[in-house]
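Letters A, B, C and D name the chains as they come in the text, with residue numbers starting at 1 for each one.
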Amino acid sequence: MDTRRAESFSDGVFAVAITVLVFNLLSIGSGGKPLTYRLLLNESWPQYAAYAIGFLTIGIMWLNHHTMLAHVTRFDRVTLVLNIFLLMGVVAMPFPTALVADNLTSAGTGGRVAAVSYGVASILISLGFSAMWTYVSAHEDALTRLSARVSWQTRWRFSAGLVGYIIGTLVAAFVSAWAALVIYGLVAIYYLFEHLPAPDATASAAGDAPAPD
Amino acid sequence: MDTRRAESFSDGVFAVAITVLVFNLLSIGSGGKPLTYRLLLNESWPQYAAYAIGFLTIGIMWLNHHTMLAHVTRFDRVTLVLNIFLLMGVVAMPFPTALVADNLTSAGTGGRVAAVSYGVASILISLGFSAMWTYVSAHEDALTRLSARVSWQTRWRFSAGLVGYIIGTLVAAFVSAWAALVIYGLVAIYYLFEHLPAPDATASAAGDAPAPD
Amino acid sequence: MDTRRAESFSDGVFAVAITVLVFNLLSIGSGGKPLTYRLLLNESWPQYAAYAIGFLTIGIMWLNHHTMLAHVTRFDRVTLVLNIFLLMGVVAMPFPTALVADNLTSAGTGGRVAAVSYGVASILISLGFSAMWTYVSAHEDALTRLSARVSWQTRWRFSAGLVGYIIGTLVAAFVSAWAALVIYGLVAIYYLFEHLPAPDATASAAGDAPAPD
Amino acid sequence: MDTRRAESFSDGVFAVAITVLVFNLLSIGSGGKPLTYRLLLNESWPQYAAYAIGFLTIGIMWLNHHTMLAHVTRFDRVTLVLNIFLLMGVVAMPFPTALVADNLTSAGTGGRVAAVSYGVASILISLGFSAMWTYVSAHEDALTRLSARVSWQTRWRFSAGLVGYIIGTLVAAFVSAWAALVIYGLVAIYYLFEHLPAPDATASAAGDAPAPD
C-alpha cells in the first residue's frame, strides 16, 4: 500500500510537469504577426523542438522512475524524502526547457546561458536519481532480490548520464549552445535504450507469486 | 503492477491536458468590453465550441486509450516509449484547439491555417494510436486473447479515422475551415460510437478469473 | 479494473480543476497598489470567497461522484461517455467562479451576469449528474443492489439541487447577484449534508465480501 | 476501495499544487534584462528559494497526509469533508509562496506582509491537520489499532508546529520577514524528521495480514 500512494503522487507530479510544456506551445498562438507565419517551422521550430525534447526527457525520467520503484516493495521515510527532492528537479525541467526554446535563436549569449541552465537542471536530477538508487539498493529491506552485479551496472549507468550532462554543460558554457544540445540529445537517446533492469529480469518469481497489491 | 502505473501516469496526463482547455475559457473573462457582451454566444461562441469539442476529443482519446490498454496485461519498454509518443500528441491538442477558437472568425487565412494545424495534430495522434495498437497486437505476450478478425477490425477502424483527418486537413488547406471542422466533427462522432472491442467481448473468461491486479 | 481507470481519470480531472482555482488567488499578488492593501479583505475578499466557495463546490461534486461511482461495478461505453460530459461541466466551473470573483463588486450588471453564468454551469452539471445516475440505476448489470426506494430518494435529491440552481439563476437574472449567491450557498450546504447512500448502507454484504479490487 | 479514491484524489491535488510552483520559475525567463543577469542568483534567488521551500513544504504536507491516511481503513463523510478543507489550504500555498518570492527583497513592508500571509496559510493548514487527526483518532471505527500514548504524541506534534507558525507570523508582523522565514524553515525541518507513527510501528500485524486492497 505504501508504494502505491508514493507512486500515485509521483505519477501525478510527472503528469502535470510534462503537461506544463504545452503552455510554451500556447504562447506561439499569440503575437502580432499573421498566424501562418507564426506557425511556420522556420519561425517557431525552437518551440516545437523544445516541446518534443522536453516531453521525451520528462517521459524518460518517468520511465526510469517507474522501473526504479518497481524494485521497491515498501517505502521508508528516507526514500520518500529523497523522492520529493527528485521530483523537485523534475518539476523544474519545464523552466530551462522554455529558456532554451525562447533564447536559442537570439543573438548574444542567451542561447548558451539557457543551455547551461538546462544542463545544470539535468545534473541535479541525475544526482537525485543516483542518490535514491544508492539508498534503495543499499537498504536491504527495500531491495533484496537484486544481485550485486546488476546493482553496479545500474550505478554505472547513472554515472554515464551524469558525465554526459556535465560535458554538455561545459560545452554550453564555453563553446556552443548547439553542440551542447546535441550532447544532451545523445544522453537522452542513451537513456531511451539503456535502462534499469526490470524486476522480472532479476527475480523471475516476482511475477508468479500472488503480489499483495 | 506494471500496467497500473503506466495507466495511472497516462490518466494523469489525459486529465491535465483536458483541463488545460479551461484556460481558453478563462480568457473570455478578461477584455475591455462589458461582461454581458463578452459572454454572449455571438461574440464568444468559438471559445465555447472549442472547449466542448476539445474536451470531447481528448475524452474520446482517453476512452480509446483505456480500451486499448485493457487488453495489455504487461508493458514492455517499447510499449511504454510508444505510449509516451502518443501522450506527446494528446498533450499538444489544446494548442491547435486554442488556435481554432481564436482564429475561426478572423478575416484572412487564419481560420484555415488553424484548422490545418488541428488536422495535422489529429493525424499524428492517429498514427500514434495505430503504431501502439499494431505493436501491442503483434506482440504475442501482450495480447494473446484477441482473435485475428477482431484485430483486423480495429486496424481498419484506426485507418478510417486517419483517412478522415487527412481529408479534413486537405479541405482546410485548399477549401474552407468550416467544411474541415464538419469533417473533424464527423470523425469524432464516428469514434464515439465505433470502438475497440472491450476485453470482455473477446475473452469472456477475463472477467470471471481472479485478476492479479 | 474498468472502474479503477475511470475513477483514476475522473479523480485527476477533479484534482486539476480544483487546483486551477488558485490561479485566481495568484492574480491578487500582481497589481499597482501596495501589497498590504491588495491582500486586505475589503479589497480582495471576493477572490478569497470565490476560492473557498469554488473549492467547496468542486470538492462536494467530487464527493458525490465518488459516492455514485462506488455503486458501479463495471463501466460500459455509455457510462463512460456520460462521465466525460459530466467532467466537461466540472472542469468549466473555475470559469464562472472567476467571473463572479472579478465582477461581484463592479458597478453595472457585471455581478448579475456573472452570477447567471455560475447558475447556468451549475444547472448543466446537475443535469449531468442526474443523467448519469438515471442511466446507472436503470442499467441492471451496473447496479443491482440498490432498492427502488433508495433510487427514488436519490433522484429526488438531484432534482432538489436542480430546482435550487434554477431559482438562483432566475434571481440572478432579474433581482440581485447577492441573493443568488446566498441561494447557491444554501444548495451547496444542502449537498454537503444530504448525500447519496453509501454502498455499505444499501448492501451490507458489499463490505464483507472479498472485493476483487 | 473508499480510501483508495480519497487518496487518489488527494494525491492528484497535492501533485498539481506542488507543480503550480514552477509557474513562478517560468516568470524569471521573461523580462527586459539579459537572460544571464535574470538567471543569476543575486537577482532571482528569492524565486529559486521560494520554489525549493514551497516544494519541500507541500511535499512534507503530502508525506504527513500519506502517513495519516495510512491509519484510516474506511472514510466516512466527515473525514472526506475535513479532507477537502485541508486540501483547500494546501492548494492555496503557492499563493503566499509567490508573494514571499516577489516581495522579499522589495523596499517597504511588502516582505513582512508576504511573510504574514505565508504564516497565516500555514496556521490554517496546521489546524486542518489537527482537526482531521483528532476526528480520525477519536472515531473508533476508523482507527482502533493506535494506542492512546501514540495518539497523544501525534497531537503534541501538530501543536508544536502550530505554535511555531504562530510565533513566526507574529515575528513577521512586528519584527522582520527574514526572522520569520528562519522560524518557518525550522518548523519545516522539524516536520521533516518528526513524523506520525507509521501503521507498521503501531500494529505489527498490519503488514503481515493479507490487506483487502
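In the analysis below, a residue touches a chain if its C-beta (ideal position, glycine included) is under 8 Å from a C-beta of that chain, and two chains touch if they have at least 3 such contacts.
Everything quoted here is computed from the prediction, not taken from an experiment.
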Fitting the CA atoms of chain A to chain B, what rotation angle results, rounded to the nearest 5 degrees? 90
Same-residue or different-residue interface between chain B and chain C, half as cut-off: different
Of A-D and A-C, whichever chain pair has more C-beta contact pairs: A-D
What is the distance, in whole Å, between the centres of chain A and chain D, each centre taken as the mean of its C-alpha atoms? 25
Averaging over Cα atoms per chain, report the distance between chain A and chain C in Å. 36
At least two partner chains per residue is the criterion; list those residues in chain C. 8, 11-12, 15-16, 23, 213
Please give the residue numbers of chain D that touch chain A in the complex, ascending. 7-8, 11-12, 14-16, 18-19, 21-23, 25-26, 28-29, 34-36, 39, 51-52, 55-56, 59-60, 62-63, 66, 69-70, 192, 195, 207, 210-211, 213
Residues on chain A engaged by chain D in the complex (per definition of touch): 1-2, 5-6, 8-9, 11-13, 15-17, 20, 23, 74, 77, 80-81, 84, 87-88, 91-92, 94-95, 98-99, 102-103, 108-110, 113-114, 117, 212-213
Spell out the part of chain D that touches chain B in their complex, as residue ranges. 12, 15-16
